[in-house]
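First chain written, first letter: the chains are A, B, C and D, and each begins at residue 1.
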Amino acid sequence: MSATLRLISFLRAALRLMRGSPWLNAVSVLTIAASLSLCGLFAMAFFNAHTLIDELGSSLTIQVYLEPDTPEERIGQIEARLREHEGVKRVRALSSEADRERNRKLLDPALLEGLDDEAIPGQPVLALELDSSLASRGDLEALVHWAGQIEAVEAVEDVAFGAERLRLLFAVLEIIRSVGVVLSAVLLASALFFVFTTVRLAVWGRRREIEILSLMGATPNFIRAPFLLEGALQGLLGAVVAIVAVGLLHLELEGLVRDVYLLQVQPSLLPPGMVLWLLVGGPCLGVLASGLSLGRAFKV
Amino acid sequence: MIQLYNVSKRYGAEGASVTALDDVNMRVREGEMVFLTGPSGAGKSTLIRLLLCVERVSSGQVLIGGRNVHALRDESIPYLRRNFGVVFQDFRLIETRDVFDNVAIGMEILGLPRKDIVRRVGQLLEAIGLQERAHASPRDLSGGEAQRVAIARALVNEPAILLCDEPTGNLDPQLSREIIQLVCEVNRRGTTVVVATHDAALIEEFGARTLTLKGGRLVQDRDRADRGGDMLAGGLDLSRLDDPMAEIE
Amino acid sequence: MIQLYNVSKRYGAEGASVTALDDVNMRVREGEMVFLTGPSGAGKSTLIRLLLCVERVSSGQVLIGGRNVHALRDESIPYLRRNFGVVFQDFRLIETRDVFDNVAIGMEILGLPRKDIVRRVGQLLEAIGLQERAHASPRDLSGGEAQRVAIARALVNEPAILLCDEPTGNLDPQLSREIIQLVCEVNRRGTTVVVATHDAALIEEFGARTLTLKGGRLVQDRDRADRGGDMLAGGLDLSRLDDPMAEIE
Amino acid sequence: MSATLRLISFLRAALRLMRGSPWLNAVSVLTIAASLSLCGLFAMAFFNAHTLIDELGSSLTIQVYLEPDTPEERIGQIEARLREHEGVKRVRALSSEADRERNRKLLDPALLEGLDDEAIPGQPVLALELDSSLASRGDLEALVHWAGQIEAVEAVEDVAFGAERLRLLFAVLEIIRSVGVVLSAVLLASALFFVFTTVRLAVWGRRREIEILSLMGATPNFIRAPFLLEGALQGLLGAVVAIVAVGLLHLELEGLVRDVYLLQVQPSLLPPGMVLWLLVGGPCLGVLASGLSLGRAFKV
């Protein structure tokens, strides 16, 4: 018998299994769909939280105030040194005039009255943008230390760090991350456990059937094949359901975010390739769960 | 074909164990038809389970075609079982498949072509008088109908050895006789047959060799007019036993 | 006690339906013992299922103690069933409970005290010769042993009506006779008994009234030496049928 | 037979059910434990996010600058009016001197050199703390509108609102809330579905047993009782497991938060009474799931 013919006969058997207990099958499909939806939802939340954090983190800066009379050349040297440092994404140099202009905007007009331009403080500033992907408490401490070092550099007058604000932000990021990792681990574990359990119970409900096939001389692979195929089919169906569910939710969330107009940060909230991942993951999950369940559920 | 040497079988833990078979020695030749009888709990079904490797002997040896079956690796057991056709005492039909599929299983396991399956299963259903119920669920059959389906299932591959455990317990005398005639026909074509039964009338009528168990011991081995078959079919196929992966190309 | 008026039973959809019972009229008096026989698929088990309200008649009426059982509300059905003891053709033992518990179920359903249960079940297990296997699982019993447990279970509450579907199919002739004697004993104490069986020898030996079904039709009603009981026990209790919630205090 | 005796016999039956399929029982208990753990975890996360938001939100203020010469009495009137407004948690009045002191600290010392005290700006200020529980985008718009109204009030010179920063914060809050609600709904639904499914499959695996009991004249209640009790026992066991799991996780998280020392905001991260909720919820979940599963799983 050719391999194709055999596959067709296994497919027939798998479809017969599915027809035989439509209710059980609906449960399995829904289970896989629910698990995948949760995973998809979570991936989405994680992906977007990450984008948001990147967005916020990139606005973190350190201001390095240089002495007013620092020569251009020296400024260039310091800038280059700063740029080299790990965790620094960009360095922007402000001339004295630019800094004075900035200060003029910040100060109360009433206060500036009667002061001539020179009286308004202004000095060369190097604005450092920090790389938020390195943002952790450890990195922060390293930065505080580094800031101290910068201050010791000749020509540097002051380092405005806003460490407190940075600390708060980093702490929030850290908590979001920890909770995210814990939640994602718990979710994935329970999704796997869920599918495994339902498949196992389904196999358990068919233990007589399996025993009879074995008594009639069926090889373990012959017995397993339809269950594995059934798992794959269920996984595929589940994935389709999950994609529809996540897609609908995504539309809903996108509308919400568009409403909160300030955060119109990206065209799509879906991580790239998620549909593909779900379509591949569904059958894999089904086959894996079936395989694991079958593994110890019957002996020859 | 089937040889038992000092076979004992005890169920359960050391303390509270039940001795189902106690030092049984017997031999069934190729093509022979044997009745196995004895009171309830004598060990008839246990003996059949030992032949099928569903249970392992506690001591002694079971040889089928000269091979010690309990020395087989797990992977070889399916190939051993394919030499048997078995009618279980409790039928063991698959409730989620219809009558046709239940009978066809054995051929599907061997991967035989669909059209052969349809022809052969159709013939058998006709022989047991159930061709009209081919697509009924086993749940919807009467006791006797289910038993006949179990018999058809055991015969479908023209096995080398046919084991029938109480195959007529739910059949009326007329049907019982027909079914045993069918079994005799199969035997005449070369299949070795072991029928466990309580039906004294049946044994009387067909008068084959009769082994009597009692409390796990073989108490009687009465041979009568031997009607050895002409060996048309049903040769034992043990070729696969050393090559368990052969099936999975 | 049991009356059937023009009872027909068809299974399945209109087109592909099976007629299991066809215009059956019969009457079993209180305390009577009746054999029900006929070829496989004649409708014997179907008749028993109708009495138990597992199935509903397609047409006609089933009266038990003068009541049309198929007019009962769903809530009353359990109380109807408590008047029956039933030995099913496929035993239907609960595999997750041991032999003792299987026999005890009927008494537990009635909420009888534990010590009564222990005494009564012990007696019955002794009567069927299985007192030593009280704590075995039904899975570990031989066919005949399981059948005897099913019989003990049916007898445990001294039911008003005993229905036995092929109760000796897995028993040797000696045990069959003993079991039927046990059933006769129960009958002598007032229980109405219906035994569906293929065992012609048994019917011959006990020579009670015999109803013969064939293809769903009642083709013979042969009465012999009537051995009507002395009505010691087994009175029908239909008092609960109008008050289904009485049990749930 | 007395009710107690009957209960005892049902308990015996329930224990027998549990002994009969230890594996299935372990699965059910673990299922309930996993569901309850997830719920507990989520309640914890939600509770803490809320506390955090409250914490951050309470630092939101609106500064109402009054004319320098506003009489004390008038300030008191305005203060009282502001206090009345919905969404205002607290109003703090700063005198001209206090405001000047504050500004002195904010300004560059170099700038202040040679200026006399009067030249440093200082005027009476009313600092409004906003109630963050009202914080939503709608509320924000209302506040913007209200701020305009305040400016029109006699004696009010200026209103410093920081609307942009507020808007960002509110948007973040809103997203956290939406995601939280969606996730919690999905989680709870899937937990219920999970338990329901496993119980239903367990009942399905025992369909023969149920059918036999029914054939022997058992009332539906008699058949249901052991299953319900079994569900309750499983729920209780599951709750205990969940409490242990959540407790351990809580200790872990608390350590983490203590590490991120800035957020040592409360003594316990556990919502009050959660242990009790879990202990009550577990058996309820078990009974409910059993009940629902039994509901349609068998007929008389």
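Definition applied: contacts are C-beta pairs under 8 Å (C-beta built on N, C-alpha and C of every residue); 3 or more make two chains touch, one makes a residue touch a chain.
Not measured: the values here are computed from a predicted model.
J.: Any chains in contact with both subunit A and subunit B?
T.: For subunit A paired with subunit B, there are no chains in contact with each.
J.: Quick check: how many Å separate the C-alpha centres of subunit A and subunit D?
T.: 23
J.: Roughly how many whole angstrom separate the Cα centroids of subunit B and subunit C?
T.: Those two chain centres are 31 Å apart.
J.: Let me have the rounded angstrom distance from the C-alpha centre of subunit A over to the C-alpha centre of subunit C, please.
T.: Chain centroid spacing, subunit A to subunit C, equals 66 Å.
J.: So with touch defined the way it is at the top, what topology do the chains form here? Options are line, ring, star, complete, other.
T.: Ring.
J.: Can you work out from the touch definition every pair of chains that touches here?
T.: So the chains that touch one another pair up as A-B, A-D, B-C, C-D.
J.: For a test of understanding, state which residues of subunit D touch subunit A in their complex under the given definition.
T.: 24, 27, 30-31, 34, 37-38, 41, 45, 52, 107-108, 110-111, 119-121, 137, 167-168, 171-172, 174-175, 178-179, 182-183, 186-187, 190, 193-194, 197-198, 200-202, 204-205, 249, 253, 256-257, 259-260, 262-263
J.: For a test of understanding, state which residues of subunit B touch subunit A in their complex under the given definition.
T.: 52, 54, 74-75, 77-82, 84, 86, 88, 92-97, 101, 105-106, 108-109, 111-114, 153, 244, 247-249
J.: Once bound in the complex, which stretches of subunit D touch subunit C?
T.: 1, 3, 5-6, 9, 13, 16-17, 20-21, 206, 208-209, 211-222, 299-300
J.: Would you mind writing out the residues of subunit C in touch with subunit B in their complex?
T.: Interface residues on subunit C, with respect to subunit B: 11-12, 18, 37-41, 44-46, 89-90, 133, 140, 142-145, 147-148, 165-166, 169-176, 198, 200-201.
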